[in-house]
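Two complexes, one shared chain (subunit A), two partners (subunit B, subunit C).
Up next is the complex of A and B:
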């Protein structure tokens, strides 16, 4: 019995794979062709940089230098980095407040604007406008409103009140950064809730009314429970967005005062692209990714538990 | 005979091949230059500072005068806040991705050295030889660009700082001249605050180290053992302690702002009379004059500790580099030499107004790096204030590959001293330790760079 050539052995599994996949490819090639632009974009712009960033986090890598493998050293540095801890704390603070606000306020607005009120179309448009406005523009407008000689302080002084150091006081600065985030995304989540409200079964609401439930009790016991899957979706998306806080704190406060509004993504940007420490920046990005995965998983578990 | 003929033919072919080879090699650099100056080239010019119409007009003129050169102009988006950082990050992305960039306009005080240490720019002296050294002699801020036995950039815009003040407001408060010493400044600050309680007598960019340095230097202090590639951080000498204590005195006396100054609010705060004076780029006076001609906007040198000290200024600005990803380094250098020449600078700063540029656009360009063009503008009333501190000696500050991280630590320290009123001695001591660690790491990582100093 002669030994089969190595190439032939290696080719066998590939041939088997082609036998299996080939007919499917032949059958559905137009679908794959239509998917191709997305797949190419996904691989080049999302998947490859994502995997490369994880790979880079185990290296010391600067501009125009060959990366040097350092194992877990970048992650060990993260543990002892006071700036990273502060940025993480700021980001978590921001996320908690913003996610709570973005899951409740848009729901209230959606319930209100679902009623046949006069001018509700105008109100819907007004609330949705910030969503389609650039984040940088929104942040600039808010910083003009709240800076030390801005519109708000001038208004306070005109009414004989003390002007406020909005961007000099860490807590006030963070509150403004949070307010911008909530105001900007309000309309987006409101539209999602509004769409979901159209799917709430009318017969349930009518049955509740026939049973003598007030409007408020009907909303509390029928409408809101029906919106649970959407609320979970909104909370998840809002959490992912909030954890990636960057634009408004970068444009309005540059992370200050005294790093009070410094976020994890801003720190990542600073380390990778200002200090040219791509390895450490990638480690920050990887930790953020793990946190987001953990938070999404946690969200899902809570949602499943509540739905039971 | 045929054998002899064959021999002659072989020799003739040999001669032809040798002649072609010599012509092709062309005797090194000069032949290469000649080749590149006649062939059609497409340069990519990356403006890693604020986008502006002046640059585009200059590019257009250069292309008209050099029909064999096409220039693709790429500008970064100007954002308030750390726009230089954005722009440099953008350039770095391109270099890292090996994208062709032939000429880049970058911030001068730390970027050329940062890029050079990362082997991302080319030595202009290697490309252009004596022409580069000759050009350098007529330019300002050259100490930022010549190091490690090379010339890594040519200064393009000169941006000296100063004490920018509203002379009309000063006059209304009964102050006839700007402060020259710190005691003068205390008196001025008290008078202004008394006369105009809603106005800060001195506004200072809290996180900007460069605006603090003139105070330190003008009190005989220093940050480093040497200005370029320092080996030792020295943050506890009497001059630096005095300067930071003086700045803290402003905060304690409510003489200064509490939130930071950006390129947007610097103009807004001055025009709204929120600030009577500001430690800022001297060119701000020109912008203020355009925006509010009702006031007399002026610039003076940063006050010195007392009359025994001499004013020393910081001057930033921009420089032109040839990135490592340049396809046509020689043609790129020719363009840079033109931009920094008397002709290019005269066009840029409106001495020769044949580009038809708007005044506002020209005023956004800091001041000329060309000594010659700068001296031509000194008598011009439009430029007088922007150039008011251009005669004050300047020095670079601790430029090294560790600089951007050290800058961050010092800026954070400054913020704590001004906003949290933390102990100046303790802050300087602890920051010195952290910065020294960065310098030690940098020396270990770039031994060849430090060995040449």
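Up next is the complex of A and C:
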């Protein structure tokens, strides 16, 4: 007897809730129909694995073992791991050199190709060739060129210079890995600069010319300063890409000689998929994530400063 | 007079300098490719000769047939073509549909989802690779095409690119179609998607290249020799091809489709890749 009124009381808020949500649902379901594939994919292969990787970094986990909670042990190990420190140092080294080169050289080339030179369309295509080839192919080509008995060494000997150890020497190997990174992406950043150059206000350049400024002075004082936002943009993408160095050093040196070209991502790959230490690998991944997030915030600050 | 002359001379010198720099840059970009093609046509003796030959004295295509015996190049090609094509078609459609929805439709949770997706753009792909591997092996996706393809079937970058595009399309089109009784799905596929053809083509190109070029994920999830994609196969090529001329032939074969497509549509390529400035 007393159950009916109680049920009615309970039903009323539920009905009210339905009244509120019902129309929203009715309005929203076609949208969700179109969104569903994306959202399912997002949840299953992006969001969940992201959280799972942070979770795993607090566990001892391998291929056929149940994960056991180890607290911060993986991170403690990371701090004392000489290999990790070296990988981090190498990656930062690589990033600094490559980002400097990739923000300046493509700018120079773009300014050059912005001049009415003959054959510049052809030059643009040629400089874009490394961009459309994959990192693996580019790395292979360069490792063939700088092979012990490759064409570069033969050329050096033919001109009575000493042949070089290249991949057997840590510093030279790293220099080649850097050069390959720059060579591959030059054309890409050049195109971004070229697009930005189209947007440089003509009247400013003309005004400078009327004032008697030489070509070079007007480039230096008018064009380049107006490219500041795109320069910042290039620098920040180049930084994020460089921090994720993997393919070149995997293909050309396997991180060697003596870990001289070992990068953070390569160490992650090695620890997780060669030593099958998923927990430790995840800790490395989490540190990489934090580094990139920190860099992005840092970049944002610089960007705000630059565009002020 | 003298001043005008020196100005003219300075002009000529600076011109010459510009051409010189350009020439050096072009040579640096092209010579490694040139040497790869030339070397693939040489016999090892000539390729390794102490004084480098610039062009093979007896051009010889035998490396191109031999490489197919040394490694399953055909299989690599098939694997790459299959996985990249599937990725391109699905990722382009899924991301375009989502981009359209965010740009044109109002629905519950719109803000929240958008912010969530935006936030994960910053997460490096490499930090997700381990959990993905653990999940995928549990579900039997190790060494399968589904395993290779699955993480790339939607793209947050593609979503933002298409949202941007569909924001520029007037909403009246949809409203008129709704009044005519058309269903939302039909409106997207028959009205808005065809309108977006240039943006869709750009996105499709980017998705194909991204999938074609990737190394880390297929290396982890499909290392079995017959499941290797072209990039994974090439990464191991030095173990199977004893001399450099075979490796060079493999490289040339592997870049032919992309380079051919580039020369056929270089304008679209350059514009498309520039549009994909924020990769991954």
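Observations on the model:
Simple rule for what comes next: the second predicted complex is superposed on the first by the 260 of 308 C-alpha atoms of A that agree within 3 Å, B and C clash if a C-alpha of one lies under 4 Å from a C-alpha of the other, contacts with A are read in each partner's own complex, and residues count from 1 in each chain.
Keep this in mind: a contact is a pair of C-beta atoms (placed from the backbone, for glycine too) under 8 Å apart; a residue touches a chain by one contact, two chains touch by 3 or more.
Just so it is clear, the model here is predicted, and its values are computed rather than measured.
Annotation: superposed three-chain arrangement on subunit A; subunit B versus subunit C shows a clash. When both complexes are overlaid on chain A, the residue A:151 reaches subunit C alone and has no touch with subunit B.
Within the superposed three-chain model, A:166 lies in touch with subunit B and out of touch with subunit C [touch as defined at top].
With both structures placed on the common chain, the touch criterion links A:96 to neither subunit B nor subunit C. When the two complexes are overlaid on their common chain A, residue A:136 makes contact with subunit B and with subunit C alike.
Judged by the touch definition given at the top, the superposed model places A:273 against both subunit B and subunit C. In the superposed model, A:250 lies in contact with both subunit B and subunit C. Subunit A has more of its residues touched by C than by the other of subunit B and subunit C.
By the touch criterion defined above, A:64 reaches subunit B but does not reach subunit C. When the two structures are aligned on the shared chain, A:188 is found in touch with subunit C, with no touch to subunit B. Looking at the shared chain after the overlay, A:76 reaches neither subunit B nor subunit C. Remark: of the candidate stretches 115-123, 133-141, 151-159 or 205-213 in subunit C, the one overlapping subunit B after superposition on chain A is 133-141. On subunit A, the surface touched by subunit B in one complex and the surface touched by subunit C in the other have residues 63, 136, 140, 144, 147, 149, 250-251, 269, 273 in common.
By the touch criterion given at the top, residues 62-65, 136, 140, 143-144, 147-149, 165-168, 250-251, 254, 256-259, 269-270, 273-276 of subunit A touch subunit B in their complex.
By the touch criterion given at the top, residues 24-25, 27-28, 30-35, 37-39, 41-42, 45-50, 52-53, 56, 61, 63, 108-109, 112-113, 115, 117, 119-120, 122-137, 140-142, 144-145, 147, 149-151, 154-155, 157-158, 183, 186-188, 191-192, 195, 215, 233, 237, 241, 243-244, 246-247, 250-251, 265, 268-269, 272-273, 278, 281-282, 285-286, 288-289, 292-293, 296 of subunit A touch subunit C in their complex.
The residues of subunit B lying in touch with subunit A in their complex are 79-82, 85, 88-89, 92-93, 95-96, 114-115, 118-120, 206-207, 257-260, 264-265, 268-269, 272, 274, 324, 404-405, 408, 412, 415-416, 419-420. Taken together, the subunit C residues at the contact with subunit A in this complex read 14, 18-19, 21-22, 25-26, 28-30, 32-33, 35-36, 39, 48-52, 94-95, 97-98, 100-101, 105-110, 113, 116-117, 120, 122-135, 137, 150-151, 153-154, 156, 159, 183-185, 188, 209, 212-213, 215-216, 220, 231, 234-235, 237, 244, 247-248, 251, 254-255, 258-259, 262, 266, 269-270, 273-274, 277-279.
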